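Take a look at these structures.
In what comes next, chain A is part of two complexes: it sits with chain B in the first one and with chain C in the second one.
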Partner chain A sequence: MARPDARPDARHAAESRLAAAPAGGGAWLRAAREAARERLLAMGLPGRRDEYWRYTDPADLTSAEAPAAAPPRAADGAEPFAAAEPLRLVFVDGLFDPAASDPPELAGVQIERLAEAAPRDLHWARDLFGAIEARGQTPVPRPLAALNTALAADGLLLRVSGRAERPVALVRRQAAEGSDVMLHHCIRIEPGAELTLLESGPGGARTTDVLEVDVGDGGRFHHVRLQGRDHGGRVAAHLFARVGAAAQLRAFTLTADGPLTRNEAYVELAGAGGLAHLAGAALGDGAFHHDDTVVLRHIAPGCESRQVFKKVLKNGAAGVFQGKIHVLAQAQKTDGYQIAQALLLDEASQFLAKPELEIYADDVKCSHGSTVGAIDPVALYYLRSRGVPRARAEALLVQAFLAEAVDEIADPTLAEDIRARLEAWVARHSG
Partner chain B sequence: MAALDATRTRDGVDAQTLRTVEAMAGKYKHGWETDIETEFAPKGLNEDIVRLISEKNGEPAWLLDWRLAAFRRWQQMEEPTWAMVHYPAIDYQDQYYYARPKALSRKPRSLDEVDPRLLATYAKLGIPLREQMILAGVEGAEGAPAAARKVAVDAVFDSVSVGTTFKEELRRAGVIFCAISEAVREHPELVRKYLGSVVPPTDNFFATLNSAVFSDGSFVYVPPGVRCPMELSTYFRINAENTGQFERTLIVADRGAYVSYLEGCTAPRRDTHQLHAAVVEIVALDDAEVKYATVQNWYPGDEEGRGGIYNFVTKRADCRGARSKVMWTQVETGSAITWKYPSCILRGDDSQGEFYSIAIANNAQQADTGTKMIHLGRNTRSRIVSKGISAGRAQNTYRGLVSVHPRAAGSRNYTQCDSLLIGNRCGAHTVPYIEVRNSSSRVEHEATTSKVDEDQLFYCRSRGMSEEEAVALVVNGFCREVLQALPMEFAMEAQSLVAISLEGSVG
Partner chain C sequence: MLEIRNLHVELEDGGTPILKGVNLAVKGGEVHAIMGPNGSGKSTLSYVLSGRDGYVVTQGSATLDGADLLAMAPEERAAAGLFLAFQYPVEIPGVGNMTFLRTALNAQRKARGEAEVSAADFLKLVRAKAKALAIDAEMLRRPVNVGFSGGEKKRNEILQMAVLEPKLCILDETDSGLDVDAMKLVADGVNALRDAGRGFVVITHYQRLLDHIRPDIVHIMADGRIVRTGGPELALEVESNGYAGILAEVA
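Coming up: the complex of A and B.
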């Protein structure tokens, strides 16, 4: 549906944020930023009256200054994903920290940064930077992503031409109380190539990120993201991906705590036989607002998509899921599945969902389901009758509830890491 | 009046069109126009028209003020654009807001005085207005009495309710069933108490328009503890060209009362779009139960999307009392545009709402329909079963809201939305909103989209059925859960409608 022109106040707000746009850069980058600027001005910054912001108040994401958030306490657990031995690239408050990072050298992966590539007149990223983001503006407008494309000065540019022998880890750290971080990453997986990207945060008092991924025919992209953990910052993270023929994208996000997290995804299945699995587990206790807004667009025939999102909410936490399977007329033989479930652990928590199907092809199999409720008293009774203490029984049932989402992680080492974190969170917040 | 001349000219055209259509067989069955002189108010909408409608109905001052307040509010409102329907802008000044068959300028005292051509119109539609309606298949059916089932019909011909049958029997039971214009005169205290209490005059663009210009409709009041002795039925037709139909229905079931209400709609075929913005309000007090069933087969426009009814309807039930229950059942096969969300506000503790829907969109039809279940009371329950079928180039959207408020502890909802696609040029969409604000409630939603099963079709064909028969059978099976929720009288008609609506969609 066509979006009405931006309301004047939304446009003004966008104009004032755009005043900070970086100058200079190569022709390709200037053009992409200018186009993003036009897109944003046509939309305006989001407001509560926008259809896809009815459940999440964007005020803290659109304000001129990032709301202050204390940097998290020193990490008290193991370094995330250490067992996977990734190549670590560290950004502190949005600035690359070469001293804390590993040398950016990995066989089969060309690692660059947007800030380094910016002055060049030609770069492979010119076909990618802002391109999938622009296509992903319909049917759900994503003004914060356009804002990022117009403003982001740095980010990773990864070109993967083979099978990366170890994962790349994007490590974000926060040092300053009011840091407003905006990174824009582009990843091109050449045909048949494969990469695992691991992300861990928090990266700033406010983070507005965009990750654009083009998975070439037969390529594979795995993405595991860790958000939150005692995090006071606000996050708007965007994943934009194009999946080619027989290519695969698998993404999983664990969000534990955080006052406001909006995870947006737009994935287009552009080649026959492609596959996209998106999963998320969100755990919130108290001041927690978590929003997944996902569009899976089936453009090519014979593709499979799967969305599995689970949220555990207690003490007034709020979970939001807005998901859409969008099947174009030519995308026959589509297999689309979507499940969004919430477990409410007390009376004060809430779950707001809008799981949509928009289908224009007839030979498809699409389904979605959504459930909300408390812990099943029958299951709880059974465990207690077997001598399991109440708190332990509840913890077990919460983990069982989340298992379907964690199962979407293909790598057993990474899945184990996530399971351990889930278990630790549940233990910390039980009772 | 020039409009009358135009109508006569159009008759000739229509008769010819009809013959062509009949020759094509199986096309829109009710596409003819009755030649009855019609009294129009001038085209357009302004305060004078609102006053005229009020005056023609002999309304008291409070109702005129109510209408005028709604009209002023409407002028400030914007037409909603969020539904997945596309149509050229409606010129609200290019519509007639009042038309009544001239023969009725003086109200008939009995059915014998009703214009015979009018009665013939209903006969063609297959609804005898006469004393009894005995429908095939009812006798001996499970749970149905062996004696003939009775249905009281309040037929609405354009804007004026022309005849109400069974008045006497209903009166003995204490049930009031009459035209709303009559209710305003005869039972002003009831109308004033409940009118606009479920759908306030400021509710939405189309409901507000209706509040300003509604010309007639039905009123039902079932007193405490009374089980309405028969199914109540009303029949709407849009007949005069370019006449918007703005019906207002108000049903009140007092404590412990029960009533089942059937609504059927057909309209003759027409080349210009026609606007319909009805409002239905239902109030159910403690322990009351209301069943409301609709079969809507208004003219859907031709294969190219020319003509057809624009159907913008606001239907809402307020389960005000504890343990009250409202059940909406709808079969939507007609109209070029359907914009309709029969809803339940589950205010009373332990109240229940149910919504069963079949929406069929063929050719260029667009349907955006669904329900809202607002859980406010404790232990409230709701159930939604929606079956959407798209064929041709049609777009069919289920749009629904299930909202469970913090106070509505122990509530339960189950939603099932299934879509069936026939052909690869149509679309089927599901837009559910789920808002759960307490943990002791349980909400489940599931939806599927698929095509007509080739194996089932093949099996039917191998047993000697034609492709169209096979599709009709498979689709009827797909809709079974909803068809079963319909009163027997409608279930039969609905099944054949399902088949007729899909003709030409395969092959």
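Coming up: the complex of A and C.
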């Protein structure tokens, strides 16, 4: 909710970050940036006292400079998602790198850079850029997203008019220790069109991203995101989506390590018969703080939403889940499901969950659950009694715990890629 | 093969003594039945031999072909040839039955320095063994024991035993929760595995199972000890007179 009463320090911090706003830009973008600036000033930057930041300290996300982080030590085995043969678009420290990318041509998909579209007076993204982000400020304020809308100088603008025959892969790379990355992407899926977007990163010492997606009636959008591995970067990633009638959105994120990751999502089911599935698997060992803050808003009747978030935490790692199913009065026959679970591999780790249901319709089916547990010692003994060594048995049980989230990935090739990465993480961190 | 000498075991939590000097020797090719009233220590014996947490061995030894079982991790005992068919098989959501079985088989083979079994050979092997136990492809595809009936769980235990081909099989109340037809399937599965190189310890309350799996030797366990040992006729005596008479005799 926009807060006209932003504390002076929070407003002041916002003002100083906004001083870095890019100059110029065509009329369509200037208006959006200016509106975002006003939204942010009304809210101020987030602080520990804000309701949705009680479990996660935003200091490293709001500071003037990005805390330094060395570029990731090693690639995670094979190039992510190589088996899906995506069209690769590479960003290095937040800037598009044409030389490292595939030629940006794909039948049914119009591909542009924000940096190139910015100077124009008119652009199709005018109705989208900052628009869903603005709606998504209620009921959970997302000041870092407004900051991004005001400041982001690059990103992808994708207009999908058919069924894309290959996925588009957004590949992020980090080169500089202090890179402060801010990308803003807009994707319009025209009615009946379909796109799979793959992301790998984080690709910066600090990343503050916004992805806005409008899935037109009968359209489909698949999103598989890989955050990690063993990176030192801080991440605040936002997904804002509108899902039209009989349209589908399926998003999955794997987070493997990282000192601070805040993944926010706001999805509105705006047309009858729409579907939105959001899933995440997070794996953390040691200095790891991972936060999913999600709002699923049912505006139209007869829509289905699922939130499946699983975290595996060890050696003092921390997980946070704040998830809301918000059902408006007219959204009858809503089917909403939410599960947030953590597997704590030791007593030093912790999981904080705040599930919320806010329902104004009377004919709905909504359920939610949250559990915290350790590896089941009886299951472990059973596996070992059959000859499975302890580490392998634990790995099997960790994968079993994550299965419900991974099963949300519809494409078997992509699911296999994610499973292999999960297994590799578990093997690296076992014992 | 299996040699248990003067085994004393207490609960880790509280120190309650459960086994108070168990002696048992099982040779290859033999089927031993252990009978006894509730709380006599039968299941504890099976858990201690397979390496379950929660028990402390205070005295005595247990060896399998001369190797010290009690010094090994559960997975090492399995690789050495010990198998326990559980009284209550464990459900493991998210782990497929086939993945589980193949992981177990190959882990054991690896531990013994043998080559792993290929996916194709494994499939052939399991299908053949599953058919004999009336386990269909659907059951094999499901997560381990999840949604299985009591009888299906017990048959799944026997399938694991048939695939892993252990040297020493312990069956802990495998007959509990089985109807007559299921018991016959399970017993046929066990009997098919009987050979000169393999020993069995069949723990049961009832004579019923022993009509189908004929034991060579029957032991009566009470209060943490084996109090009587005899031939198959001892099981019949229990069936007609109950434990009370036998226990009064030895007391």
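The rule we apply is simple: the second predicted complex is superposed on the first by the 425 of 431 C-alpha atoms of A that agree within 3 Å, B and C clash if a C-alpha of one lies under 4 Å from a C-alpha of the other, contacts with A are read in each partner's own complex, and residues count from 1 in each chain.
Here is the rule we use: a contact is a pair of C-beta atoms (placed from the backbone, for glycine too) under 8 Å apart; a residue touches a chain by one contact, two chains touch by 3 or more.
On a predicted model such as this, the values are computed, not experimentally measured, just so you know.
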item	value
Partner chain in contact with A:Glu356 - chain B first, chain C second, else both or neither	first
Residue contacts with chain A in the superposition, chain B compared against chain C	B
Partner chain in contact with A:Ala415 - chain B first, chain C second, else both or neither	neither
Contacts of A:Ala42 with chain B and chain C, given as first, second, both or neither	neither
Partner chain in contact with A:Leu396 - chain B first, chain C second, else both or neither	second
Touching partner for A:Leu383 - first (chain B), second (chain C), both, neither	second
For the chain B and chain A complex, residues of the former touching the latter	81-82, 84, 406, 409, 419, 421-451
Sites on chain C touched by chain A in the complex	50-53, 73-75, 77-79, 84, 86, 89-90, 92-95, 99-100, 103-105, 107-108, 111, 143, 160, 164
Chain A residues within the chain C interface of the complex	377-379, 381-390, 392-393, 396-397, 399-404
Residue ranges of chain A in contact with chain B within the complex	1, 4, 51, 55, 329, 332, 342, 344-374
